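Have a look at these structures, which come just after this line.
Presented sequentially are two complexes of chain A, the first with chain B as partner and the second with chain C.
Right after this comes the complex of A and B.
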């Protein structure tokens, strides 16, 4: 069952997965190439900064991959009113488990892209002895972040049903408005930042998004 | 267990205008049960309820001895289902769809699936999303039959299919049923098709089951009578009166149910003259049953 669910999800999501895997692979290489050849980065401090940019980019790609696979993957059943999925002889919990398991395995592809791309980028950077590369940790964090994003988006689509697009649009508008206000209205900056930290830093799965996302560090 | 499907006091509401109210239904084991009703009468909703796809507001549903929806997955393992619209994944090919479906059923019959695929002339590599309506109907029937079900639930399985495909699909269904003695619930508004294959009939209208009986009783028990000098009062009759319509002069047309030939003598006792007894075909019987049910519910309201 898992093999067939995995194959179904692969066939349905493969274009997006290929895109995010390629982006995850080339992003560290491109960022480092620009930093070394165009910006002229050379000091350890600058390399750490570049590593941070690569880390955040990898995190964004991983989160976007999770969100997209969840959104698109849910649509496969929604277009037929979930009739086929509901007519198969399994409990809803099992169906959810199969779907989550397949997504977890497929999202390993962008994470592998992060890992290999980051390893190659770190090797090309000729890091001084005082610096270390953390390609494996970054890929693992990316994988966990993509799972979290997938779970959130899947939950949103399941809970909101046909109103999912409206709910998602409202969340995006809310996030954009808060970001704009935090810049445009200095009085609101601190409360908005505190709210963001409360959501991410508090105990719970969102903690994976907190902390330093970096490829290169001491 | 004498019934493949037993529904008691089932209620369900969808939106402001549609509701299934106090539905009681019995599909005997081994029957080919025609589930008739006009468009929007609630046939598909009832089917989705009995497969556990929708949660009932009230009442109980038992399918092949399993409570639904709590144990729907156990019932579904023994059911072949063909929905009214293509529900399969469009990017999979025919053979991929067969493999995917097979993974969920312990009794999947590989040889039978392949035989049906060849009989239905479905190409293995063809994408489901590119199948014609007829090919899609055949594929859904193939999937339903290859799981070797004890109960087949078919929701408008031949709607929109051309006569040749319709014959192929119905032939495959009848071959399976005659070989394995499976129970079939077949929903349709194509009355003549039901007449050919069904031995039980249930008529749904406005979310209520207005008739449920063996096909022979449904067909033979309902007659149209032409009467002269019919009694005015609502005197008790040995048969049920579904409709009374005025005709030319003193003539009246009655549509009656539970009719037997010996009941003609009742008219002589009322000084009325029974001029003609007309057999109704299934479509006329269906229409008259619906009319009578709607008249009765209108009077009750």
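Right after this comes the complex of A and C.
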């Protein structure tokens, strides 16, 4: 059944997955090519800066891949009135579990794109001995970030159903309001900052997104 | 203030009432009187503000609680006493660790203040702890004042007080030492991991001949790069090799009056022409060449010197005459090369490990994603 779900998920998302995998593969090479040949980057400090740009780009691609796979998968299912899922001889819990698992497997493709593209880019950069390339770490971060983004969007879509857009809008408004109140209402500043730190620091839910994203570092 | 204004208004009206104003007076007269009242009223408001400001400048409220540990004295409020006392106690131990007479005497001349303060915000008031370095100064309400959250821990208070005491302890240092240290502070607190990793990044990303030699074990090159001692030759030849000129010229430019050098500088930056880079780099005056290592590295070396020298090291650093190298050696009680080698080993060990993903972070990230999915899966609802 997992193979069947995986095939279905692939059929639904292959265009987007191919797009994100190609972008993840090509982005490090293009950024480095521009930096080396057009901007004239050569010093270790500049290479670290370019590595940071590549890292952030890879992170954005990974997150977008996770969000898109979850959003698009649910969209196709919803347009058909969930008839396919309802026709399967299994519970909703099992069907969704298989779908999430299949998406997690497919999201390894953009991460592999990041890994291979980054390795090629780092080899092309001819790094000085004081610098190192972190293609593997960057790809792993990308994979974890895309899983997390997928889980967030998957949860939103399947838990909120048709109200997903309203819930998403409410979350965005809530975030904006909290950001405004943290500045305008000093009494709420500390609790909001503590909440933000819990969300993005170290082992927090979004800790993987807030860490360092770079291909080249000391 | 409002009483004065009320009195002024009453007095004005009484005067007006006593004068022979006809019941059907012309409107122009009434308007002019009203204008006069308003002018006098605003003048009084301004004068009252001046008086109030002068009163505050002459007699300022000082927090009532006196916290004294060793040479350190801090005024604070009863509600903050416990945290401030902890902070001052820890700081006093740092001052005591350095020992000698100079630091305690300089620190004892100041009385810092840790008090609660507030300022209006859009919604309510922003309450915070205001830490000022010295209550005796006229400008203490603004100069050097630090703000930290009202619920800040004793560690946060100590961190701010340490920074202030480090500055106070370094005040009055001679120009040679001040120019070398660059940051105007005396290291009291132990080195933070961040400081050492910053120095490591400096060491690893700066293209400099002196740094490469230093990392290869050349002590003289280390001393030269740190500005402690120099070897013969111009700074350009000592610090940078021709292969470093291109990256050097991204941070510094020749004087604008030297048009030939400027043209060469542009060609070096845009076309990476080696001859142009050489021409431009040689046109940069010696005193404008950036040192290979930042002030953080020097600050760390000074900490190593004082740590090695133990009690009274700072006194010896100030009292001994001679070159900087001689003074640092006298303060630490060991050859400077030994201190610098220890510093270099510390920096080399402090490679920042920000990029490798730890197993804990992987587990946490997978765990949170799994928890989100589990919440969705266990929700008992129809498909839509």
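Here are some notes:
We take it that the second predicted complex is superposed on the first by the 182 of 218 C-alpha atoms of A that agree within 3 Å, B and C clash if a C-alpha of one lies under 4 Å from a C-alpha of the other, contacts with A are read in each partner's own complex, and residues count from 1 in each chain.
Quick note on the criterion: contacts are C-beta pairs under 8 Å (C-beta built on N, C-alpha and C of every residue); 3 or more make two chains touch, one makes a residue touch a chain.
Computed from a predicted structure; not experimentally measured.
Contact comparison for chain A: of chain B and chain C, C touches the greater number of residues.
When both complexes are overlaid on chain A, the residue A:44 reaches chain C alone and has no touch with chain B. By the touch criterion defined above, A:80 lies against chain B but remains apart from chain C after alignment on the C-alpha atoms of chain A. In the superposed model, A:4 lies in contact with chain B only, and not with chain C. By the touch criterion stated above, A:130 is placed in contact with chain C alone, chain B being left untouched. Shared-chain residue A:191: touches no atom of chain B or chain C. In the superposition on chain A, no contact is made by A:176 with either chain B or chain C. Of the two partner chains placed around the shared chain by superposition, chain C is the only one that A:202 touches, whereas chain B remains out of contact. Where the contact sets of chain A with chain B and with chain C meet, they give residues 81-82, 86. Residues 51-53, 73-74, 76-77, 79, 81, 83, 85-89, 91-92, 96, 99-100, 103-105 of chain B touch chain A in their complex.
Touching chain A in their complex are the following residues of chain C: 121-128, 149, 151, 200-201, 203-207, 246-247, 250, 269-270, 272, 351-352, 354-357, 360-362, 364-366, 368-370, 372-373, 375-379, 381, 383-384.
Looking at the complex, you find that chain A touches chain B at residues 1, 3-4, 7-8, 11-12, 76, 80-84, 86-91, 94. Partner chain C is touched in their complex by these residues of chain A: 40, 42-46, 48, 77-78, 81-82, 85-86, 92-93, 96-97, 100, 130-131, 134, 137-138, 140-141, 144-145, 147-148, 150-152, 154-155, 158-159, 161-162, 181, 183-187, 189-190, 202-208, 211-212, 214, 217-218.
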